[in-house]
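In the two assemblies presented below, subunit A is common to both, partnered first by subunit B and then by subunit C.
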Partner chain A sequence: METENTADILECCKCHVTLESRRTDFVYLNYNFHVDVPRCPKCGQVYLPKALVEGKMADVEMLLEEK
Partner chain B sequence: MSMSDCHTQSLCPVCFRLLDAEYEARGDTVHLCKVCPEHGPFSVPVWKRVPGTPNFEVWRATRRIPAPPQHPATRVHKGCPFDCGLCPDHAQHTCNGIVEVTSRCSTACPVCYAQASADKGGNPSLETIRQMFSALASASGPCNVQISGGEPTEREDLPEIIRMAREFRFGLVQVNTNGLRLGVEPGYAAHLKEAGLDSAYLQFDTLEGEACRTLRGKDCIAEKLAAVEACGKAGLGVVLVCTLVRGVNEGTVGDLLQWAVCQGKHVRGLHFQPAAAFGRFPKGMESEGRITLPELMDLLERQTGGMVRIEDFHAPSCEHPLCSFSATYVRLDGNLTAARAGSCCSASHPLLDNAETSRISRNFTARQWASPRSLPIAQYDDFDRFIADFGTNFFTLSAMAFQDALGLDIERVRGCCIHVVTQAGRLVPFCLYNLTSRDGRSLYRSLPDHEQPLSERLEQA
Partner chain C sequence: MRRKPSGLPKRQHIELLADALETSRMPSAGGGFDGAVFDSCAARAFPAMRASVRRLAQAAGARIHELRLHDREAQCCGWGGHIQASNPALFDRVVADRVEADPSPYLVYCANCRDTFRAKGKTCSHIIGLVFGLEETGSAPSIREKRENSLSLVSSLLQAFWGESHERPQTAANPMNLQYSPGLQQKMERLLISEEVVVQGIKLAEESSVKTLNRDSGEYTCSYREGTVTYWIQYSQKGTDHFNVHDIYCHRMHILGEAE
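Let's turn to the complex of A and B:
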C-alpha cells in the first residue's frame, strides 16, 4: 500500500532521479497552501499521492468552493 | 428609464392573472412594473442603487445552464407558475426541501409567512410525513431538509420525525424554530441532537425588547439567548435568522452581527430575510417599505464599521441571482475576515452550470450549518489547518429576498431551489407556496390534501 514514505523510493519517469519531499505551493481561489510532496530535484515535477488528492486536497477544494 | 433585457412575467396581486412585467429604473431604484387589465398598474422596488453596491443588471445577468428536476411530478399545462410541481419547465432542482410538520404555533407572531396560530389546522400523521420525506428523496435525492411549520417543537413526536428524516440520508437535517422550547426546557436540545438533528434554523430578529415585541408579540429575547446556549451545549449548529422590517430592526443589523460572531463556534451563520408581504405581515401590501438586498449590504458595512464589506458579498450559486447574497468569513476574537475574495460561483463567472453549482452549494450548506467538527488530533500541514479552521471558525453571512405577489418574477420562480413538499408529495417553490393575494388568498398553501396542480383546478372551475 502506498504511503507518504514512498517519496524515498519514487523515481521521476523523465529524469530517472529519486523524488525528494519538498515544500510545494498550492494556489486555489486566492488561497495559498504550503505542503511537502515528492518532487523531482531536476525537472521540478511533483508527484501527488492518490490519498492526498482524494483526501485532504478534495476536502479543501470543496470547502473553498462555497456558494 | 427602461433597461435592456428587462422583460419578465409576474402575477396580478389581486386576481393572480399572469402578466407581462418589466424592470424599470426610477431615480435610484429599480422597480418591477406590470399592468393588470382589470386591476390596473402595480410597481414595487426591488433594487435600490446605493453607492458602492453591485449594479442591478450585472448582478441579474449571471448566465446559467439550467438543471431541471430529473423526475418532474407534473406536466406543463397552463405554464409557470400554475403547474407545480415540479414541472419539466422548472430550471433548478432542489437544494433545500422544506417539510412542514404542523401548521400550529402558539406564538402566532404578527409576522409569519405561514400564518400559523395555536388553533390552525391539524398535524399531518407520521405516515404522511414519511411519505413527504420519501417524495422529496425520490424527486431530489440527497438534498438538505428543513423540518418546518408552524412550530415543529410543539409536536411531541419531533424526535421521531428527525429520526425518520435521517433514514432518508438527507445531507443536512435542520429544524426551523422560534427556539422557545429549546431555551426553556432543560435537555430538549440534547434530545433532538440524539435523534439526529444537525442544526437549528433559529428565528432571531433582534437583541432589543421593543423590536421583539413588534415582530413576535412579546419580548422573548431571554428565551432565545438560552436557546443559543442550549444548542451549543448539545452540539447542535445554529443559524440565526433575522426577519427584517423597515422602521423596526434595520437599524441594528450591525449590532446583531457583531453579537453573533462573539457567540460560540456552534453559531454557524446569520441569515437575513427582509419581510415580504405574504402570509401575516404588519404593514399591508405597500411597496415603499421594503428593504432591498443592496440596501442591506450597505447597512451591514456601515453598521459594522467595515468589519464586513459590500465587496465581500456574492450572488448565489444555485437560486436566481436576484434572490440572495452571501459571504463566508473566518472569525477570530469577535472579528470577521472575508474567507476569500471573489468566488468560483460569483456573478463575474462567465457561465454557471446549475447542476454543479447547486451540488457544491448543497454540500457547503450541509457542512457549514451543522454543528462544528472537532479539530483533528494532529495538524501536519496547511491543508489540515485549513480544514480545521473551516470546521470551527467559518461564519456565513447571507440574505434572501422573498417574492410576494407584488414582486413575483417568473424567471426567479423558475430558478428557485428551495421547495416546500406538500402533503400530496408535490414540490412547490417556497415563495409560490407562501404567496398570498392582496385579500389574503393563497396560490398553493391552502390546497386540500388531494390537491391538483392549480392549472387543473382553474380549468374545472
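Let's turn to the complex of A and C:
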C-alpha cells in the first residue's frame, strides 16, 4: 500500500512538529501490512488520509473478510 | 441475561408476555395481520421463545405461516455483524434474499429485524406492536432517533416505577454545537456511526491535543477507537464551543505501535 505524501503540511498538535512519512504497520485478521503514512517523529501519532482508508484499506479489509 | 440468580428458570420477555396475556384477557389487535413469522437468528437456541411468539400471534387473531427456513434454521435478517457498514453490497444482497423469501408481510420479534426490513420497504410488524395494537408506520428510526428513544424510555421508566427524575445525558441534545458538512450525517447513518463517536472523539482530542493540524486548511484530524473500529474525524473549531465536522471515515484494521 502506498499513499500520497501530505506530511509536510501536517503538524502534531501535541509536539508542535511537522509530521514525516514513516513506515507504519497494520494488522487485520492475522495479516500484516505496512505503508508509509504521515507520523509525528516525536510521539508517533499517525495521520491516515481518507483516500487511503476508504480506498486501499477498505479493499483489503473486504478481501480478507471474504476469505 | 448475564448474572441471573441461579435457581430461576431462564425466561425470555416474550414468553413471560405470552403467559401473562393468556391468563389475562388477550386483546385481539392482531386480527388484520396475515403473513409469515420471521424468526430472529438469535432465537435459534430458544425454542420456548419461538413458540411463545406463535402462540401470542395466534391468540391476537393474526394469521401466520412459516417461511421455508425457520425456527432452528432461522436466518439472520442482515443486521448481524454490522455487515451494513463493512460491506454494503453484501448487506443489500442478504436483506434482499430475506425479504424475497416470502411476498407476504413478516411478523418479527427483534427490533433489528424490523428496522432492517423497514429500511428496505418490506412490510413487517413487531409482535409487541401486533399484540397491543400499536400503530407501526414509517421507516426505520435513525441512529440518533434510536438513542433518543432509548433515553426517553429510561426517563419514563424511572419516573413511572421508581419515582425518580432522570437527568438526560447532555449528549442527547447537541453538546458541542456540532455542525455537519452536507451529506455527512447520511454517511454516518449508512456506516452506523453514532454522534456519540464524534462527540467523544473530538472531546478527547481537544483535551489531550492528540490531533493533527493541516496548516494549509486549518483542519484538525483526530482518531478515536471504539471496539474494533477506528474512526477518523476531520473538523475545525468555530469559537470556543462550536465545531464544524467536515468528514468522518473508519477502518477495522489495527495500527501497530500506536500509543493506546
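By our rule, the second predicted complex is superposed on the first by the 62 of 67 C-alpha atoms of A that agree within 3 Å, B and C clash if a C-alpha of one lies under 4 Å from a C-alpha of the other, contacts with A are read in each partner's own complex, and residues count from 1 in each chain.
Just so we're on the same page, contacts are C-beta pairs under 8 Å (C-beta built on N, C-alpha and C of every residue); 3 or more make two chains touch, one makes a residue touch a chain.
Small disclaimer: the values here were computed from a predicted structure and weren't measured.
Using the contact criterion defined above for the overlaid structures, shared-chain residue A:Asn30 touches subunit B, although it does not reach subunit C.
In the superposed model, more residues of subunit A are touched by C than by the other of subunit B and subunit C. Contacts of A:Val46 after superposition on the shared chain: subunit C is touched, whereas subunit B is not.
When the two structures are aligned on the shared chain, A:Val60 is found in touch with subunit B and with subunit C.
Where the contact sets of subunit A with subunit B and with subunit C meet, they give residues 26, 32-33, 57, 60, 62, 65.
By the touch rule above, subunit B contacts subunit A in their complex via residues 316-318, 326, 328, 339-345, 357, 360-361, 363-365, 367-368, 381-384, 386-387, 390, 396.
Taken in their complex, subunit C has these residues touching subunit A: 86-87, 208-216, 220-221, 223, 232, 234, 247, 249-259.
Interface residues of subunit A facing subunit B in the complex, by the touch rule stated above, are 26, 29-36, 56-57, 59-60, 62-67. Of all residues in subunit A, only 6, 9-14, 19, 24-28, 32-33, 38, 40, 43-48, 50, 53-54, 57-58, 60-62, 65 touch subunit C in the complex they form.
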